[in-house]
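This is the structure, below, for whatever I ask next.
To keep things simple, chains are lettered A, B and C as they appear, and every chain counts its residues starting from 1.
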Amino acid sequence: MSDTGATEFRVETGEALTYNVIPLLHEIRHGLARLLENDAATTIDLRSIPMAPGEEERIISVLGTGEVEAHMTAMGPSEIMETRFPGVWLVTHYNTENEVVGKFIEVCDMPQILKAQAEDIREGLAQLTAQLA
Amino acid sequence: MTETELLMWARGPALQVATVIFLLGVLVRILEILVLGRKASLAEARGSAVAGGLRTIVTRSIPDRGTLQRSTFNIVAGYIFHTGFFVVLFLFAPHILVFQDVLGFSWPSIPTQIIDATTIVTIIALLAVLAHRVRHRVMRFLSRFEDYLVWFVTILPLITGYFAFHRIGLTPPTLIAVHIISVELLMVVFPFTKLMHAFTLFMARYYNGAIAGYRGVNS
Amino acid sequence: MSNEKTLGEVLRQQGVTRRGFLKFCAATASMMALPPSMVPRIAAALEKARRPSVIWLSFQECTGCTESLTRSHSPTIEGLIFNTISLDYHHTLQAASGTHAELAREKAMQENFGNYILVVDGSIPTANPGYSTIAGISNLDMLQDTAKGAAAIVSVGTCAAYGGIPHASPDPTGAVAVTDIIKDKPIINVPGCPPIGVVITGVLSHYLTFGAIPELDALGRPLAFYGKSIHDRCYRRPFYDKGQFAETFDDEGAKLGWCLYKLGCKGPTTYNACATTKWNEGTSFPIESGHPCLGCSEPDFWDGGGFYKAISMPTGDITRTAVYAIGAGAAAGVALGAVNRARKKRAEKAHEKVTINDLEKDG
């Protein structure tokens, strides 16, 4: 995509088209309410929604950036970022060629993937024990 | 036969055959009337026959008060479904494309939501018309097979078109094929039934107007 | 040839942490168009899944399907599909050639009889089996032979699924689909010309994860990817509804991104994931790039009336037929009219009376 023609095009379609922005924000709002009431997490797969050109960028710019930004390297890089709404996280997974393999909005206190996993802890304990022995 | 093959058949050979039957039939019937001609009037012309004829074609569209009072339902329901039918047929974009392909020119379309609502109104009007025909003693007495056949081939494209647009029931290619075939059915039945009124009404109005106009009388 | 280890063991062997595995499952769920809530189930299933042997047969094809598949992956996430399946035979990707390659195929078939997945791309010629052969074996024979021990068959691309371009009129090779030849095995059709890369791997992943074929529609396509039409998911739909269409490829409407129905878009009759999953990791798809949908995941789309002719338009030359019909009608009408006049004159001369029968006769 390039220059003036594309810019006008984006402004036009962002306003007028699939109207994904508002419904999605409402879904996030409901998710936050659920999180407070029942401690229930919600995950939205952004790649499953038909977005018009520019809509995904609009949603992400509306959500903004918050206090936490985490960078993970496991089978390629991943970005986990809290948006300006606490509890609303943007999780983007890339493969080793920096291609997007997953893009999610997670409404939770912390995305599961950030937590250390029991298996890995066990593995690390075994390694540390071996090293100290 | 796969869905695509059915759709291709409906858009291709079936449409060719239906077009031939329709146009050939309509022309034969109109020309039969015209060639038979009328007896020349030997009286002196007191007005213009042509002007009277043309005028009546337009003015007969307005019902006179007596008829309106006696047959309110027929006239109102009739106008609703005819108007609705023409709006849907001539102002819906995919239909205009068909005409553009055949005639070589096109005209603007109107938003699809309006067409959608008009289709519903037209279908309701047609159902009301049938109900009236069946329940009214005299109409029921006068009605024969052809009257019901003609009603059926008129409402079928509206219903199949609505279903095709909203993807109800079958897969889209099949729904579109069924809709096109229902139109072809209408085309094939047309010249053999009272649907010919679509063309002959202009001739009838003209004749009446011409006769009166010749005598210098308003018809 | 296929590993006895489970996928979980394979990944751990390669140094993938549990966290990495969860990321892999999330990406796989997204790829399979499954909701994120299914990730725990997928993780549990993949953990225990065994590496199936996969034999890939290429018949009358252009290799576009393989290109689509390999272009969209890197050797970590989706590429693990290939590490976790044992791709025992593939013309373009394998290193072996000649008799060694065929021996590899036969060995894989023997060792995994009844359990391997057979992937086919390209159509099979039947007019003369000699039109397409591999190592002197006709496609027809190779397919029938290899299908015997297959657990399931995946027809990748419209050629294998429905005949594709070789099958298009006039079909000189008598090209047929896999489903026309094999009748006794579960077959998944993954059509598209080519299919979206992640759709191919998504289907393979599904089989890998759940050990069963996904839910299929009437044309044998996985509902997860082919359940909705392009039209139903198209972001230009509001323009269709409002009646705003592009008339040419470079008019104002086209620049404003209006609906491409009038330019021949087959979106309404085409089922695929293009409008949501898109191509090249969600970059774009034909309509978003300004070109009407060709309907490439539907049977006989090459013969579907032309890519630039709208669905509602007639396929033949109706104008010419109409002109001939009007001409013939005029001639017939005049002739019949003349006959009627003559008959009327004769009746008048003979002083015939008009009877009730004449009046009741329907015109």
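The rule is simple: a contact is a pair of C-beta atoms (placed from the backbone, for glycine too) under 8 Å apart; a residue touches a chain by one contact, two chains touch by 3 or more.
In this text the structure is predicted, and so the values were computed from the model without any measurement.
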_Need the most distant chain from subunit A, centre defined as the mean of C-alpha atoms._
B
*Determine the chain that sits nearest the middle of the structure, using the mean of its CA atoms as its centre.*
C
*asked:* Quick check: how many Å separate the C-alpha centres of subunit A and subunit C?
replied: 32
*So what's the Cα centroid distance for subunit B and subunit C, whole Å?*
41
*Per the centroid of Cα atoms for each chain, what is the distance between subunit A and subunit B, given in Å?*
58
*Mind listing the subunit B positions that touch subunit C in their complex?*
2-5, 7-8, 11-13, 15-16, 19-20, 22-37, 93-95, 97-98, 101-104, 109-113, 146, 167, 171-173, 176
*For subunit A, which residues are in contact with subunit C within the complex?*
5, 9, 12-13, 16-18, 43-45, 47-53, 55, 72, 74-76, 78, 93, 95-97, 99-104, 112-113, 116-120, 123
*Which residues of subunit C touch subunit B in their complex?*
218, 229, 231-232, 240-243, 245, 261-262, 268-269, 298-301, 303-305, 310-316, 318-319, 321-322, 324-326, 328-330, 332-334, 336-338, 340-341, 344, 362-363
*Residue ranges of subunit C touching subunit A (in the complex, touch as defined)*: 16-20, 22-24, 26-27, 29-31, 33, 35-37, 72-79, 233-238, 255-257, 275-277, 281-282, 284, 288
